[in-house]
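Okay, so here's the structure we're looking at.
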Amino acid sequence: MTHPDPFSDLISALNGEIDSTETAGVRIDTARRSRTGAPEVIYGRGKSAEQIAAAIQRLLPKESRALAARIEPGRAAEVEQLLAGLNLELAYDPIGRTLTASRCDSVSASTGGRVGIITAGSSDRPQASEAAAVLREMGCETLAMHDVGVAGLHRLVQPLRQILAFDPDAVIVAAGMDGILPGVVSGLVSLPIVALPTSTGYGFGGDGIGAMTTMMQACAPGIAVVNIDNGIGAGIMAGLIANRAASQRSL
Amino acid sequence: MTHPDPFSDLISALNGEIDSTETAGVRIDTARRSRTGAPEVIYGRGKSAEQIAAAIQRLLPKESRALAARIEPGRAAEVEQLLAGLNLELAYDPIGRTLTASRCDSVSASTGGRVGIITAGSSDRPQASEAAAVLREMGCETLAMHDVGVAGLHRLVQPLRQILAFDPDAVIVAAGMDGILPGVVSGLVSLPIVALPTSTGYGFGGDGIGAMTTMMQACAPGIAVVNIDNGIGAGIMAGLIANRAASQRSL
Amino acid sequence: MTHPDPFSDLISALNGEIDSTETAGVRIDTARRSRTGAPEVIYGRGKSAEQIAAAIQRLLPKESRALAARIEPGRAAEVEQLLAGLNLELAYDPIGRTLTASRCDSVSASTGGRVGIITAGSSDRPQASEAAAVLREMGCETLAMHDVGVAGLHRLVQPLRQILAFDPDAVIVAAGMDGILPGVVSGLVSLPIVALPTSTGYGFGGDGIGAMTTMMQACAPGIAVVNIDNGIGAGIMAGLIANRAASQRSL
Amino acid sequence: MTHPDPFSDLISALNGEIDSTETAGVRIDTARRSRTGAPEVIYGRGKSAEQIAAAIQRLLPKESRALAARIEPGRAAEVEQLLAGLNLELAYDPIGRTLTASRCDSVSASTGGRVGIITAGSSDRPQASEAAAVLREMGCETLAMHDVGVAGLHRLVQPLRQILAFDPDAVIVAAGMDGILPGVVSGLVSLPIVALPTSTGYGFGGDGIGAMTTMMQACAPGIAVVNIDNGIGAGIMAGLIANRAASQRSL
Amino acid sequence: MTHPDPFSDLISALNGEIDSTETAGVRIDTARRSRTGAPEVIYGRGKSAEQIAAAIQRLLPKESRALAARIEPGRAAEVEQLLAGLNLELAYDPIGRTLTASRCDSVSASTGGRVGIITAGSSDRPQASEAAAVLREMGCETLAMHDVGVAGLHRLVQPLRQILAFDPDAVIVAAGMDGILPGVVSGLVSLPIVALPTSTGYGFGGDGIGAMTTMMQACAPGIAVVNIDNGIGAGIMAGLIANRAASQRSL
Amino acid sequence: MTHPDPFSDLISALNGEIDSTETAGVRIDTARRSRTGAPEVIYGRGKSAEQIAAAIQRLLPKESRALAARIEPGRAAEVEQLLAGLNLELAYDPIGRTLTASRCDSVSASTGGRVGIITAGSSDRPQASEAAAVLREMGCETLAMHDVGVAGLHRLVQPLRQILAFDPDAVIVAAGMDGILPGVVSGLVSLPIVALPTSTGYGFGGDGIGAMTTMMQACAPGIAVVNIDNGIGAGIMAGLIANRAASQRSL
Amino acid sequence: MTHPDPFSDLISALNGEIDSTETAGVRIDTARRSRTGAPEVIYGRGKSAEQIAAAIQRLLPKESRALAARIEPGRAAEVEQLLAGLNLELAYDPIGRTLTASRCDSVSASTGGRVGIITAGSSDRPQASEAAAVLREMGCETLAMHDVGVAGLHRLVQPLRQILAFDPDAVIVAAGMDGILPGVVSGLVSLPIVALPTSTGYGFGGDGIGAMTTMMQACAPGIAVVNIDNGIGAGIMAGLIANRAASQRSL
Amino acid sequence: MTHPDPFSDLISALNGEIDSTETAGVRIDTARRSRTGAPEVIYGRGKSAEQIAAAIQRLLPKESRALAARIEPGRAAEVEQLLAGLNLELAYDPIGRTLTASRCDSVSASTGGRVGIITAGSSDRPQASEAAAVLREMGCETLAMHDVGVAGLHRLVQPLRQILAFDPDAVIVAAGMDGILPGVVSGLVSLPIVALPTSTGYGFGGDGIGAMTTMMQACAPGIAVVNIDNGIGAGIMAGLIANRAASQRSL
């Protein structure tokens, strides 16, 4: 497998061949997908509907698809209105709060990568859905099992067996209060685990700090951690692992 | 690829078929490598030479090789003396402070997995060496580039091109003060990055907290983080990614 | 260049020659601009429209211009109403939330100082606008480039070249999640960088703490940091640097 | 069961009937055992051998036994020398760093209370030994199982079954990096769990903070937590639970 | 007293004999009460009325009673409407924000366990009520004394004497600003104290952190601490202690 | 000067002579003023109007006056309605959010104590007003100077001279961002300074933490600190100092 | 009582009448005692014996006495040697680690101020001794009671009665683990309490943080807090209170 | 003034024209001075004498001078021995712990930039010396005033007047406990202030955290802050400001 020069976009920019001027105060990295294997994700928090719509429009000529995250339902409706009549397909996921826009002829090409997703509690689903959305954009297939806490170890049996039967290349484990779940799973399987702490929980160690700390201290070491509530980050990390493995399958 | 039942060791234990009694106060998980793909690593801090030697001896009948981490030079010499005459090959790495013991006929079987390692500063080498040691035990090949800070971006060019020419399945990036290095690398390549913060640095955000925080907040999202100075954890995470990819190559 | 005695206002006060009694609970430092080179800025948070209007009126006999910061749109409208009919020119910036009041014949005298402003993301604009407002009051010219993150290094090329073509005396770099941006810029130019962390970001290191920590730990050392969201502070620091340089040009 | 008035010692003191003057700067609570069911424990850190010996001598006329904690080996030898010739039996535990002194005819009366002790790692033994020492002084029987981490769940099977066969009234679970162990145990049994975080571990959440946070956030709620390394506190809490249960058995 | 195998549910699950599939995204541990002696508590925060109602319905075939916590009044009304016509008895406590559902023929069987509850201030009552609710479900009798701060020590006399006259097996002490109250009580009685810090208080150490810290550092060692505002956890810990003692009474 | 026995209330309670039963969940310390020299202050946050009114009514038979703090305007109106027709004089201070209730014939007896109050900014006035309210109840005279920051040292001259001309027994200095003000004042006068940090300020060290830290670290050592926003605490501390001094004047 | 102008030293300096040049890198405030009522205290940590000796020599012409704090025994001996032959009286207190130097004819003039000192544990004595040393220099009389923890409330009776019999103007209460002690004392007496947290204690809230937090949150509000281990600060605060009261006695 | 392309080194590296291979594990940025105006500083902590000597030798062919920081005296002697006979001039500053190496014919070219340095206490001198060393390497002239705390404001008069008479382009203010000093100075002059917090101080806010927090919160806004103890960073920031101003003088 031959990698492109990692600096090719930079060289193009140094030669003045990449246009990266602002649109509505936003400077989109239209080359990110080809360079890093992950789509440019529009981070919606604190952006107006106009900014989000402009960013989507800026991305679409280069890419056939765009993903925006942290979009509240009302904001999504505004964006959809702004983009109406442009022959785009828009899909909003109210759980994960992601908005996908694609040119109508576009499909996200499947890579064959596979990622399992496990959540400790039902309140960890939004972050898991965010991860699943970006994984779909990266061409990966996902299988999710929810509400698999360790307070009753036996509840782990059936979901974990199902996950393994799916033969994933990586597993995302999202947890807010039950921060040990990634460590327990890691101690049972020989797959890389991406731990996703969520801001569930209250009191000392609340807001995800406790979960993140537990994951960092876990004795079972086949895990690495992304920031609290960073479903996008967990999805991209797992997607890169899965797509690397899938690329080797197709050799 | 068919996975074994993740609960097979547990079932054996429930049936009384696994012996996990203590030896010198230590209860070794002799089945870890077959179950999780990673070796049981003996954590040396706070253990006496006798405890370390006993743990090595406990592991070796089941496994042909054993790895101990966080072993200071003096302690390593004591352990070596205790194990003398047992026909074991012992190798101590004074930079990474790891001690490898193997039955003389043993070699660590190569899996074909490949992991690149980049350090931001020369003081991040011990953690990188610790990661390399466990990667060797997992059968992976490694290529390391040191002292690649972002204070001068141009210093990144040659090492990163060399790393890509090696075609790794994953890249470990270790940094203490230059915590952004994993994010910069992640923004240039399409490979999973395991970020390893190190306890270099002083003042506010010193002892690795600043590096870890930077890595957690990084905008380039193809990275996941292990605990500060946890070279073993970074190595195992990268090793699992690489071995998964390598297993697909050999299909 | 001869400096006035730094204690001259203090001596005047000790001699009873400075009147600093309260007006509506506010004790304005009417001599600040002449003493420190920076205007007295009215900090609007937690102040009523009456207090803000009174403070502006207290300042204007001595100064021809007044600046109030952290003024929400509704509050600004109330203040404008209170000051109507006083022959003042009022300008409100809804992005930076600053309100400028000036006697109608007043212009902010240009000093010839030049400050470049770079933001990492579009959500860092309010703080940058606040800095620009106070720089205008200090007589400096500014040039701003927005949304220049390091997740794609190539996006930095064009904006940074434009900033340098402007030949600034200092550069403000505002960033919330991409806290390393000031360090990267500092590693490329020979100008003082004022780093302005912003309260963008979430999870561990969110609310600007991560950005500030990264800036404090940065390996490229030509930067100094102001408090999170303190656009006024960044502006005044950069303005003092620029005005010092400009004063030397005109010698 | 009739309790004595909880304020009887206070009433005695208010009537001037309790002598609590200082001896060598130490004011011993000679009535603590009868009032609270737990012995007065002499906290050795920062006390000279003379202070410790004086405290022991002050306690022994009222009590037949005395317990001192956090006594380094050298200090213990000094105390033993100071108390030589006083017809006392002295026992020092170098793991738990406790020193027990008793009048030669004294035995610690058995209450019939039973407490199980589980440690996650071999480095958690000192704290467990400290707890065991105070439990012996409270007349409880203990059974300890060591190095029972959850990285390999199967290692929990045999020790937990042995603990339950002992039919304890309470279980102490000590853990430094594997902070979830108390929660896992609590999810499997119907007994009160006293969680004892230990200062093992490094990096983010090191020095016991991570373990304590995990225990506080644990989803399995039948646990309560004592301070990091507070073996004495864990022992007394478990001892009070066990002695309450034992007192009901003998009714 | 013979304990059941702690792993029996796990063995059933490994044999495929326990059904733990999701209902409305929730995977209920229907066997928790028999295994751990404490009811499965539905944690209401962040769950929709539909999820809460489904969880209750899922539990009731196996259990005759269900308890949901952290249910705001409006949410409780919604749940009640969803469950109307199912022949269930529903009881909502607006102070503790708990909702109890039971089949109409069900009563919570009394175990004879007794738990005293003391609150430092009137604002600590919600957490105490939450604890009392779960204690009722565990079959324990409770006696509560409120607003017993130590700022006036004499206010402690009457309530503590009343608590002791009740002869409890354990005492819960809830406090937000007066974090020492558990320690003072522990120094006066020979009973295990479960300390429950509450999020009362402001400024440095506010939101319960100060109370929790004080409880952790308390010199009187017969106490153990649950997380801030975790009334459920305090209740279950005290309930397990009381039910253990009660089980010995009935031998 | 002869002090009463500090334990007299406790002895009365132990003899059953003090009635401290609950009223509407509140257990008032009716003897606090005579014992400690400070009034019992009803802390309003989280209390209903009914609870506050009941507490006032409980206090008034014993005391002729009552003070409630942290009462929002709407709550104050409710309380006033509940107490209408009881022949009480009610005074609400909307800045300090305190409510004073007194029997109509009552006046707060003057002690002759004098306390100076200095605030750094106009947003620190609420806390200063709270302190002034409790000082009035303690019979002290106060003189307040507002908005005396150190950004312009000369602004300190006139107010501090006025404060000294008042000849106070103690000085309260309240500051949120200008946390050094107590230290600067302490370095200029020979009077005890009570430092009152306020929750003004934002970013790193915001919410009063920065002010409190600065006060704790101040090099000029004649100051002691109360909790953030604790105007009541600052007032009582200063009132006790002033009343002690005043009591010596009248000897 | 007429106060001198607080700015008189400043005016002298502005007129060039105060000499404050460096000696051996130290710039002594020779006028502090007359201005603030407290001696200039030489902070020994990190200073060489030469610097300390030079500072003492610089102070003595103006003042007849000098106090140095945080002087380790070895350093004290070095200083004593450097000052030998200068006809000074030197007194070193090995518990409080203070060194007093005085011209041989000097006595510290008694003011008649009285300060009580209470320590919670014997390990809090060094800080209490430091406070006592500076109180002696301020002319106050002190009475100290040690090891008065609240784990046994009855131990408080005798010492507190003795303190009150001494009729102090203020009370210092030093505590490390038993941080509530100042609050309990404050709830029993009508005197200002200066709370001095000490760095005793371990684990969560160790190093004095827990004690300081408890003191900040204390419900009994007649207390104010100095920094951890700041015996000098506690002493000066209490000394200023006592000397103010004493000055009123002598009117 | 025309700036070079900030990306010229990067372009050279991309074209393979810059050699940045490792020497003894260190990859020196030989082009830093020309690109950023600041020398590459060798950070000595955690480097062996061999590594430091190799780095110096690597720098000297390109640069005529090299600066190493954080070099303990013993390490400096080792480095000097390793470099003996190479015709280099070596200068070690034991206060600032910096080591300068220069080719014998080299002088640091003066730029005409001027920087004032003020320290709050004598223990802040090491950091100030570190800053002065790097300023000398940048060609700036410095004037330092030490031990200028604000506990006695009058001590500030003479030093600040001397600093202004020097007519500096920027002022560094270093402080550990007296963190407000930069703010006070900033409120008196119209020059940019670089605030350098130092790790002096103890207790809450010790180790420089308090000073840094105070500086971040300072109301006088013409200051920016570098990390605790980062004398190099403060020096380079001030040097860039001064050299920018100086470059304008010489136009």
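The chains carry the letters A, B, C, D, E, F, G and H, assigned in the order they are written, with residues numbered from 1 in each.
Quick note on the criterion: a contact is a pair of C-beta atoms (placed from the backbone, for glycine too) under 8 Å apart; a residue touches a chain by one contact, two chains touch by 3 or more.
Just so you know, these numbers come straight off a predicted model, no measurement behind them.
Colleague: For subunit C and subunit E, which third chains touch each of them?
Modeller: The common neighbours are A, B, F, G.
Colleague: Chains touching subunit C and subunit F alike, please list them.
Modeller: For subunit C paired with subunit F, the chains in contact with each are G, H, in label order.
Colleague: Farthest from subunit B by Cα centre, which chain is it? Let me know.
Modeller: With centres defined by C-alpha atoms, farthest from subunit B sits F.
Colleague: If over half the contact pairs have to be identical by residue number, which pair among A-D, C-F or A-E is the repeat of E-G?
Modeller: Interface equivalent to E-G: A-D.
Colleague: Report same or different for the subunit A and subunit E interface, where same means the shared residue numbers exceed half of all residue numbers found there.
Modeller: Copies use mostly different positions to touch.
Colleague: Compared with subunit A, which chain's mean CA position is the farthest off?
Modeller: Here the answer is chain G, farthest from subunit A.
Colleague: With chain centres defined as C-alpha means, what is the inter-centre distance between subunit B and subunit C in Å?
Modeller: About 48 Å separates the centre of subunit B from that of subunit C.
Colleague: Cα centroid separation between subunit C and subunit D, in whole Å?
Modeller: Each chain reduced to its C-alpha mean, subunit C and subunit D end up 59 Å apart.
Colleague: Would you mind pulling out the distance in Å between where the CA atoms of subunit B average out and where those of subunit E do?
Modeller: So the centroids are 43 Å from each other.
Colleague: Using mean C-alpha positions as chain centres, tell me how far subunit A is from subunit B in Å, no decimals.
Modeller: Whole-Å distance between the two chain centres: 26.
Colleague: Spell out, as numbers or ranges, the residues of subunit A touching 2 or more other chains.
Modeller: If we look for residues of subunit A contacting two or more partner chains, we find 7, 10, 14, 32, 35, 121, 149, 151-153, 157, 186-188, 203-205, 209, 216-217, 220, 227, 230.
Colleague: Please list each pair of chains that are touching.
Modeller: Inter-chain contacts occur between A-B, A-C, A-D, A-E, A-H, B-C, B-D, B-E, B-H, C-F, C-G, C-H, D-E, D-F, D-G, E-F, E-G, F-G, F-H, G-H.
Colleague: Please give the residue numbers of subunit F that touch subunit G in the complex, ascending.
Modeller: 1-3, 5-7, 10, 32, 35-38, 41, 157, 160-161, 164-165, 167, 169-170, 186-192, 194-195, 216-217, 220-227, 230, 232-234, 236-237, 240-241, 243-246, 248-249, 251
Colleague: In the complex of these two chains, what residues of subunit A are touching subunit D?
Modeller: Residue list for subunit A touching subunit D: 120-121, 149-153, 177-180, 183-184, 186-188, 201, 203-206, 209-211, 213-214, 216-220.
Colleague: Which of the residues in subunit E come into contact with subunit A in the complex?
Modeller: 9-10, 12-14, 16, 18, 20-22, 25-27, 29, 31-32, 35, 43, 45-47, 51, 197, 199, 208-209, 212, 227-230
Colleague: Which part of subunit D faces subunit F closely enough to touch in the complex?
Modeller: For subunit D paired with subunit F, touching residues are 7, 10-11, 14.
Colleague: Flag every residue of subunit E that touches subunit F in the complex, lowest number first.
Modeller: 121-123, 125, 146-149, 151-155, 157-158, 200, 202-205
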